[in-house]
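In the two assemblies presented below, chain A is common to both, partnered first by chain B and then by chain C.
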Partner chain A sequence: MNTPNPRRPYVRPMAGWWRRNPFFVEYMVHEGTALFVAAYAIVLLVGLLRLAQGEAAWNGWLDALKSPLSVAFHLILLAAIAYHCWTWFRIMPKTMPPIVVRGKRLPPGAITGCGLAVAAVASLVLLGLVWGMTR
Partner chain B sequence: MADVAETRKFIEIEVLRYRPEQDSEPFLQIFEVPFTDDMSVLQGLQYIKDYLDGSLSFRWSCRMAICGSCGMMIDGKPRLSCKTFLRDFHPGRVRVEALAHFPIERDLVIVMDDFIDKLESIKPYIIAKEPRTLEQGEYLQTPAERDVYEQFSSCINCLLCYAACPQYGLNPEFVGPGIMALLHRYNVDSRDGGAAQRMDVVNAEEGVFNCTAVGYCSEVCPKHVDPANAVNQNKTLSAKDYFLRFVTPKGGAR
Partner chain C sequence: MKPAGKRSNAPIFWSLFGAGGMLAALIGPMLVFITGIAVPLGLVLPADAMSYPRMLAFAQHWIGKGFLFAVVALFLWHAGHRIYHSLHDIGIHAGMGARLACYGLAMLGTVLAAWWLLAIGF
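And then the complex of A and B:
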């Protein structure tokens, strides 16, 4: 009786957890690309604001978009958003209830593929529409 | 013919030791272990315990990936040590540590009380929807009804998914992937009627919405349970549970 409790569980620190495993680094990168999605939304919102301020402001915004710096920024945005889109649909099969087609469960690859195909088609249709409107 | 001793291969196993009565914090210790191509990491540890240092502590039982006792961090990844082979690390060194995100009791043994408490809280057994007497016979189920939960019933409570979940490491209050997979296994069983009781765990502050869909839990699962899927399906179910209270006659009262 009265022996001291020899148990002394050791809790390891979590600091820097995301650098411990390549999977976590990749997770942080794909979460980080969400910031680029937000950045592009801000670019578009500024455009809306300039449109409300009149023709001169709107044309100024259009000119700003044509600067080499802006084009380079948009290329970076495109790459980051494309990567975000790919990782988004890659995790999608893990987030949904099983889809049964003709008695068979739809494989994860098919779900990811469908998502990417829809995103690609939607982007092309939008591009086509805008292209048609501005010609 | 070459001498047997000459062809004998050795591998360095680096083990994270922690002996609470004498160490203030864990430290790494290297053992040189002879091995053959058919030897698992678990067998390497057993060699250390038998021939090099009898004080080394670790959990194990079945040696065939069904008991779920021997989960460890092997080269930084959560794996069953009985299902991981030394040959895959040779000629390099292999590092073995206690499962991440759990307190270390001693050496490679973790404190799993938290998991056991959570397991009890979800009532991991069938709560009959319509109780039947012995005379009425068994509870029948179609193969299609069984398919809905079968994958989630493969969980062996090995805790690898918890060691893979940074959200659990950052906040151990989080119910976590394995428990959610088991909860889901019973909730979607056609014979079960206990979902309403278990949804409190899902909906709680520490419930499914702590998950940020890292998805590593499903990657490391040795039984292809896909716990991330159980967690994320329950995000939808939890939202449905919340909004249904406004339209059901009982107003969500149980």
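And then the complex of A and C:
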């Protein structure tokens, strides 16, 4: 690939290609939410280890979660994963097979809206369950 | 009969990516809010909502164990698959190294989650 070519043909540089167009910037940002999903999974994974190690270890993990740095980090995680949620359902009309209702294709806005509504209900049910179990 | 050809493994990784992405979209923000903001600050939920006896009982119950395993493993497989494909976009071309780093770490996290959940007991 990098063999010297005496003709020295023009090769369009690709470095930073995604910064040239706002559409691509958004693409990279929504793909980038995966880093935050992974970071949260690792936080939980460490929690599982600390839980398996016993009460003192678990309380140490809980104390770490109370530090201002951790709360700030979780606010960033919350923003990134909420953005993942929004883009996930915004892209959904393009990633799923078309749904035809009474001879008309279901509009993309309806699919995105349904997805977001289901996410809102699922989140409230989860909060309600945790609230009910810990009250 | 068709010869036993080499079948693509893409659907497996895509399914894990899709399942993890859907789970993260449905409850990810609320989970982060509960474990990282509400409980540590004592907002909405009681400050002892994640106390040791309570979380131990949750992780020992098969429903809680299954939920914790699904969240950790599927989030990791979702992220691993997405990062693997984004590496190509930033000029790191998909190869064995990238594959091992992304899917290998997701697999490692899955095994560790299973191991520690089993260590927590029933």
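Note that in this section the second predicted complex is superposed on the first by the 124 of 135 C-alpha atoms of A that agree within 3 Å, B and C clash if a C-alpha of one lies under 4 Å from a C-alpha of the other, contacts with A are read in each partner's own complex, and residues count from 1 in each chain.
Throughout what follows, a contact is a pair of C-beta atoms (placed from the backbone, for glycine too) under 8 Å apart; a residue touches a chain by one contact, two chains touch by 3 or more.
Note that this is a predicted model, so its numbers are computed, not measured.
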| item | value |
| --- | --- |
| Chain B versus chain C as contact partner of A:18, first or second or both or neither | both |
| First (chain B), second (chain C), both or neither touched by A:69 | neither |
| Touched chain A residues, chain B compared with chain C | C |
| Touching partner for A:32 - first (chain B), second (chain C), both, neither | second |
| Touched partner set for A:119, first chain B, second chain C, both or neither | second |
| Touching partner for A:8 - first (chain B), second (chain C), both, neither | first |
| Touched partner set for A:94, first chain B, second chain C, both or neither | first |
| Common interface positions of chain A, toward chain B and toward chain C | 14, 18, 31 |
| Chain A residues touching chain B - in the complex, by the definition given at the top | 6-12, 14, 17-18, 20-21, 23-24, 27, 31, 91, 93-98, 105 |
| Complex contact set, residues of chain A against chain C | 14-15, 18, 28, 31-32, 34-35, 37-38, 40-45, 47-49, 51-52, 55, 58-59, 62, 65-66, 70-71, 73-75, 77-78, 81-82, 84-85, 88-89, 115, 118-119, 122-124, 126-127, 130-131, 134-135 |
| Touching residues on chain B, where the partner in the complex is chain A | 18, 20-21, 25-26, 76-77, 100, 103-105, 111, 147-148, 166, 169-170, 212-216, 218-219, 226, 228-229, 232-233, 235-236 |
| Of all residues in chain C, those that touch chain A in their complex | 20-22, 24-37, 39-41, 44-46, 48-50, 52, 54-56, 59, 68, 71-72, 75-76, 78-80, 82-83, 85-86, 89-91, 109, 112-113, 116-117, 119-120 |
